[in-house]
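In what follows, structures are represented as structure tokens.
Two complexes come next, and they have one chain in common, subunit A, joined by subunit B in the first and subunit C in the second.
Right after this comes the complex of A and B.
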């Protein structure tokens, strides 16, 4: 599966829940961030967890989120802190 | 709803930064995981191991040690994948218990 996003792209994490193993933290669902790196393509861990092949491979992105967006109202180093997480493409949508 | 392991943003106590040496038990469990997940055998993946660890109840998740959770995953996944059966495991445990009680007698 080809990569839909490049470094610098604004993305939003799908605010879905799935039963069973999920590699996307709940606190990032529905949050928007910026792609800072495309790691490559990897087998889907949510399928591998159930002994399935996990194909097609999913592009994996390093995404940066502003701390203040993820946890509004919490102390966050003068608003400069960020949270970086690796998120698979099937969890991301384009953000205008 | 977030799984028991999905802790980001929840309140937590102070972080224990004390270092400690792995015990013999820890090392044995680590070795078994490496052997079972090695590509030449691939009895299961680390992803399946994570799924097993995440499926513990809150009580188990916070009550078991790090490597105890790994050991629970080994037991569950080797049986799930048919590498051993419940009966084989029970028979082996019986033999070990019998050997242990002879030693201590």
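Right after this comes the complex of A and C.
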């Protein structure tokens, strides 16, 4: 599956709940951030966990979230602090 | 100093039986049952399991320290390390062929990375060995993303407010390790002496490298 986003793209993590194994942490669902690196393509762990091939491979992105966007109302440092996580493409949507 | 503050169990060399007090019998039984089933069903052999355990136990933070010190003295190696960490580690003779993907992130005067795995306990075992107990603890795993600076402070790490503390949550296929900033005043040290300054917690990013 080709990569939909490039470094610099604003994205939002889908606000969904799925049953079973998942590598998208719930505290980041619905949060918006910026792609800082495209890692390449990997088999989908939500399928691999159940002995499925996990194909097509999903592009995996390193996404940076501003700390204040993840935890509204909380402060950390001078406002530059951030959380970075690796999120598969099927969990991301474009943010305008 | 090793930072095992959440590990309330006191290590007393004269009370080795206490070492087993952590493990509940049911978890030991579960491990045994699972291991025997996997071997009986030819998922792996007992010899393969033994080799894997020996490989994991042979790795230690000294390997990561060697990589860090080499990156400090060789800018071209550092560039390769940041672009392709496994390739760079292999250059130093470290076997990473069967290891997961690895990414090294650099701490600078502007950005301080700190590694966590909120979902489980992903860790750069290929370069640091077995993770410390606190790294796998639910308390570290949740507090690292909620109040990172309070956690850093408990590790003796206080950073200026204008430094970006960047918590890296290893959620997927990549393992992360920190390339700590080289401390000032180390210009005259050899690569081996530099490696001796680099400790595990600095490569997780809960600490920084200091001169002795």
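Following the convention adopted for this analysis, the second predicted complex is superposed on the first by the 96 of 96 C-alpha atoms of A that agree within 3 Å, B and C clash if a C-alpha of one lies under 4 Å from a C-alpha of the other, contacts with A are read in each partner's own complex, and residues count from 1 in each chain.
The rule is short, and it goes like this: a residue touches a chain if its C-beta (ideal position, glycine included) is under 8 Å from a C-beta of that chain, and two chains touch if they have at least 3 such contacts.
Bear in mind that the values here come from a model prediction, so they are computed numbers and not experimental data.
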| item | value |
| --- | --- |
| Subunit B versus subunit C as contact partner of A:88, first or second or both or neither | second |
| Partner chain(s) touched by A:45 [first = subunit B, second = subunit C, both, neither] | both |
| Per-residue touch tally on subunit A - higher for subunit B or for subunit C | C |
| First (subunit B), second (subunit C), both or neither touched by A:76 | second |
| Touched partner set for A:25, first subunit B, second subunit C, both or neither | both |
| First (subunit B), second (subunit C), both or neither touched by A:35 | neither |
| Which of subunit B and subunit C A:60 touches, first, second, both or neither | second |
| First, second, both or neither for A:17, with subunit B first and subunit C second | first |
| Contacts on subunit A seen with subunit B and repeated with subunit C across the two complexes | 25, 27-28, 45, 70-71 |
| Contact footprint of subunit C on subunit A as seen in their complex | 23-25, 27-28, 39, 42, 45, 60, 64, 70-71, 74, 76-78, 80-88 |
| Complex contact set, residues of subunit A against subunit B | 17, 20-22, 25-28, 45-46, 48-51, 54, 70-71 |
| Touching residues (chain side subunit C, partner subunit A) in the complex | 101, 103, 113, 118-119, 145-149, 159-174 |
| Residue ranges of subunit B in contact with subunit A within the complex | 1-3, 6, 8-9, 44-45, 47-48, 50-51, 54, 80-81 |
